[in-house]
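Before I ask anything, here is the structure I am working with.
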C-alpha cells in the first residue's frame, strides 16, 4: 500500500558538528536499510530545500507510523503523509 | 530530469455528459501515450480527491510545460510543479 | 485500518429541489449501508457547517478511494483524508 | 456532549531526558484515567506526526477546558477544538 | 453554555430583489426571536463587512447546530463556531 | 465604542516560576480593574487554548491601544482588534 | 479617529457596460463627496490591482460602517478595516 | 513616489533593558529625521500590535530600500512594501 | 526602476473562441510593443501554470499601474507587484 | 535552463559579528563567482526585506540543487524554486 510523504528537516542550530554527523550517518543507514527492504521505494531531494518527497510501500498505517517515527531525524522533521490509490489512467492498471 | 507534479481537476459543473466523457477519454489516451513514451513514469490518485501526484521525466523545463499545457484537461486543472534532485541517501545513488 | 476524513459539502446553488432531495436521499442510503457494513464506523456533523468528521475502517487505500468516490455527493464535496495509527496512550492498546 | 480535538505536541528541544520521561509518563497516566472515566472515548495517532485526533465526551465547555488545560503536556501543545453534533445520516440516529 | 460564532454572508448575485427582501426579513424575525428567547445574547456587525460576531447561549452542541442550520440565511453563510469557557480573570467569576 | 479583541498568550518557556506568578497576578489585577471601570465588559477563555475573546468599550482607538499596550502580558501576546458596529437585527436596536 | 481600510473590487463579469459605467460614476461622486467632507482624507490605488488603501477619519465605528456600507461598490468589494492610533515617533506628536 | 509600508517589530526577548532603550531612542531619532526630511510623511500605530502602517515618499525603489534597511530596528522587523499610484477618484487628482 | 510582477490569468470559462482569440492576439501585440519599448525587459512562463513572472522597467509607480491596467488581459488577471532594488552582491554593482 | 528562485535570509540572532562578516563575505564571493560563470544571470534585492529574487541558468535540476546547497548562507535561507519556460509572447521568441 503506497503513501506519499513529504519530510522537511530542521536541525537545531546549536547541534555540535560531531552529534550532527553521527545523526545524519544513522539516518542514512536507516534509509538505505528501509529502501533495501522495499518499504521506501522512492526518495527525491526537493531542489533548494532541506526536504524530500518519498513514496513508502507498507502493510498498514501502523507500519508506516512505526517506520517514520523510528527515523533518527524524526524529532527534527515536519512530516506530511498522503495516502495514494491506483490511478485509472495508469499504464498497465 | 525529474519533476514532481500535483494536478487538481475541477470540471465545469455544467459540462454536458458527452463532452465530459470525450474529454476524459482524450485525457486518458494522452496519459497512456506519455507513460508509454517514458515521460510520465509515475501517476497516483490522491485518496478522496479528484487529484493526482505524478513524476515526469523530461529533457527540459520547456518540454515539461509543453507536455502539461497540451493535456486535454489542462484548462480545468490547477498544477503545481516541483523540481527534483538526486537524494544523497538514495539506494544505489 | 482507520482513516480520519473531513468532508465539506457545497451543492450547486441552482440545483432543482427534486434533484437535490433525490441526491441527498441516495447519499443517506449509501451512508447507512456503509455504516451497517462496518466501513464507516463514526460520523459527526461539525456544528454550524455543512461538513462532517468521519472515521473509515477499510482494508486499503484503494478501498477507501473507491468508497469515497462512489458517494453520490462526491462531485460536490471537498474531502481531506488523514491516516490514523494506534496511539500509545490508548486505553487497552 | 462530543468535541473533536486535534493536539500537536512540541516539546522544548533542551528538555532533559529524565524530565521528558517523567512528563510523558504523567501525560499517559492522565490520558488513561480520563479514558477510563469515559471523558476521552477516542484517541488516534496521526501517522507521521507527533499529534493526535481525539473525541471528548463532556458535560460542558468549561469541563472540556478544565480537562485539556490540566493535561501535563498542555503547555507544550497547540490544541484545536471543534464542537460536534448528531449527523442526520448516522446509523441509529 | 456559551459559544462564539462568526458568520459571513454571501448572497447569490442574481437573487431577485423581492426574494432578497423576503429572505432578509425572515432572517431578522428569526434573529429577534432567538434573542428574545435568550439563545443569542450578543450580536455585532463587523465594520466594513457583511459579517457578524455573535455569542450564543445554548444547552448543547446539538441545540446550537439546530439553531444555526435553521436560520434562513444558513445556506448563504460561512459559519465558524468556537466554544467558550469561564475566564479565570473574569470579574465576579 | 465597542471592539472585538482576540489575545493569544505565549510566555517565554524559560520564565522563572516566581516571575511568572507575579506577571500573571499583575495581569489579573489589571484585568479586574479595567472590567470594574467598564472598559472591558466581556472576557471569555477559548476552550483548549491559552487565548481569549474580549469586548472592549472605549472612547477612541488611542484609548484602546493605550489600554492594550499597558497590559502586563502585552509583550507576550499576539493581539487582533476588530471594530464593531450596531447590528440592524440586534434586539432593541 | 483614523482607520486604515483596504478595499478590493470584484465586479460581476456579466455586468452590462452601461450599468457598470453608471455604478462607477456614482462611486466616484460619493468618494469625492466624502473626501470633500473630510471623512476620507487619503485614497491610493494599489499598483497592478483593482484595489485601494484608504484612510478614513470618523467619529465612531458606527459612522465608519455606515459610510462604507453606503458606497455604491460595497456589494462588490471585500473590505478590511484596521483601527489606527497615534504613533509615539510621529513628528509633532 | 509613494509606497505603503507595514512594519512588524519583534525584539529579541533577552535584549538588555539598556540596549533596548538605546535602540528605541536611535529608531525614534531616525524616524523624526526622515519625517522632517519629507521621506516618511505618514506613520500610524496599528491598535493592539507592535506594528505600524507608514507612507514613504521617495525618488526610487533603491532609495526606499536604503532608508528602510538603515533603520536601527531593521534587523528586528518584518517589512512589507506596496507601491502606490494615483487613484482616479482622488479629490483634486 | 525595476519591478517584479507575477500575473495569473483566469479567462471566463464561457468566453467565445473568437473573442478569446482576439483578446489573446491583442494582449500579445501589446506585450511585444512594451518589450520593444524597453518597459517590459523580462517575461517567463511559469511551468505548468497559466501565469508568468515578469520584470518591468518604468519611471514611476504611476507608469507601472498605467501599463498593467491597460493590458487587454488586465480584467482577467490577478497581479502581484514587488519593487526591486540593486543587490549588493550583484556583479558589476 | 532557467529557474526563478526566491531566497529569504534569517541569520541566527546570536551570531558573533566576526563570524557574520566572514559568512557574508564568503557568500558574496560565491555569488560573484557564479554570476561570472553565467549560472546566476539575475539577482535583485526585494525592497524592505532581507531577501532576493534570482534567475539561475543551469544544465539540470541536480546542478541547481548543488549550486544552491553549496551557498555559505544555505543553512540560514528559506529557498523557493520555480521552473521557467519560454513565454509565447516573449519578443524574439
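The letters A, B, C, D, E, F, G, H, I and J name the chains in turn, as written, and every chain counts its residues from 1.
One rule holds for everything that comes next: contacts are C-beta pairs under 8 Å (C-beta built on N, C-alpha and C of every residue); 3 or more make two chains touch, one makes a residue touch a chain.
Just so you know, these numbers come straight off a predicted model, no measurement behind them.
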{"item": "Shortest contact path, subunit D to subunit J, counted in steps", "value": "2"}
{"item": "Those chains which touch subunit H and also touch subunit D", "value": "F"}
{"item": "Fraction-based call for subunit F against subunit E, same above half, different below", "value": "same"}
{"item": "Cα-superposition angle relating the copies subunit J and subunit F, to nearest 5°", "value": "145"}
{"item": "Intercentroid distance (Cα basis), subunit C paired with subunit B, Å", "value": "27"}
{"item": "Centroid distance [mean C-alpha coordinates] between subunit D and subunit C, Å", "value": "23"}
{"item": "Length of the line joining the C-alpha centres of subunit C and subunit H, rounded to whole Å", "value": "50"}
{"item": "Where subunit C and subunit G are represented by their mean Cα positions, the distance between them in whole Å", "value": "44"}
{"item": "For subunit J, residues that touch 2 or more chains besides their own", "value": "2-3, 45, 47, 61, 64-65, 81-86"}
{"item": "In contact (per the touch rule at the top): chain pairs", "value": "A-B, A-C, A-D, A-J, B-C, B-I, B-J, C-D, C-E, D-E, D-F, E-F, E-G, F-G, F-H, G-H, G-I, H-I, H-J, I-J"}
{"item": "Residues of subunit B defined as touching subunit C within the complex", "value": "13, 45, 47-49"}
{"item": "Subunit H residues within the subunit J interface of the complex", "value": "3, 5, 12, 61, 64-65, 68-69, 79-81"}
{"item": "Subunit A residues touching subunit C - in the complex, by the definition given at the top", "value": "1-3, 60-62, 64-66, 81-86"}
{"item": "Subunit H residues touching subunit G - in the complex, by the definition given at the top", "value": "2, 4, 27-28, 31-32, 35-36, 42-47, 52-53, 82-91"}
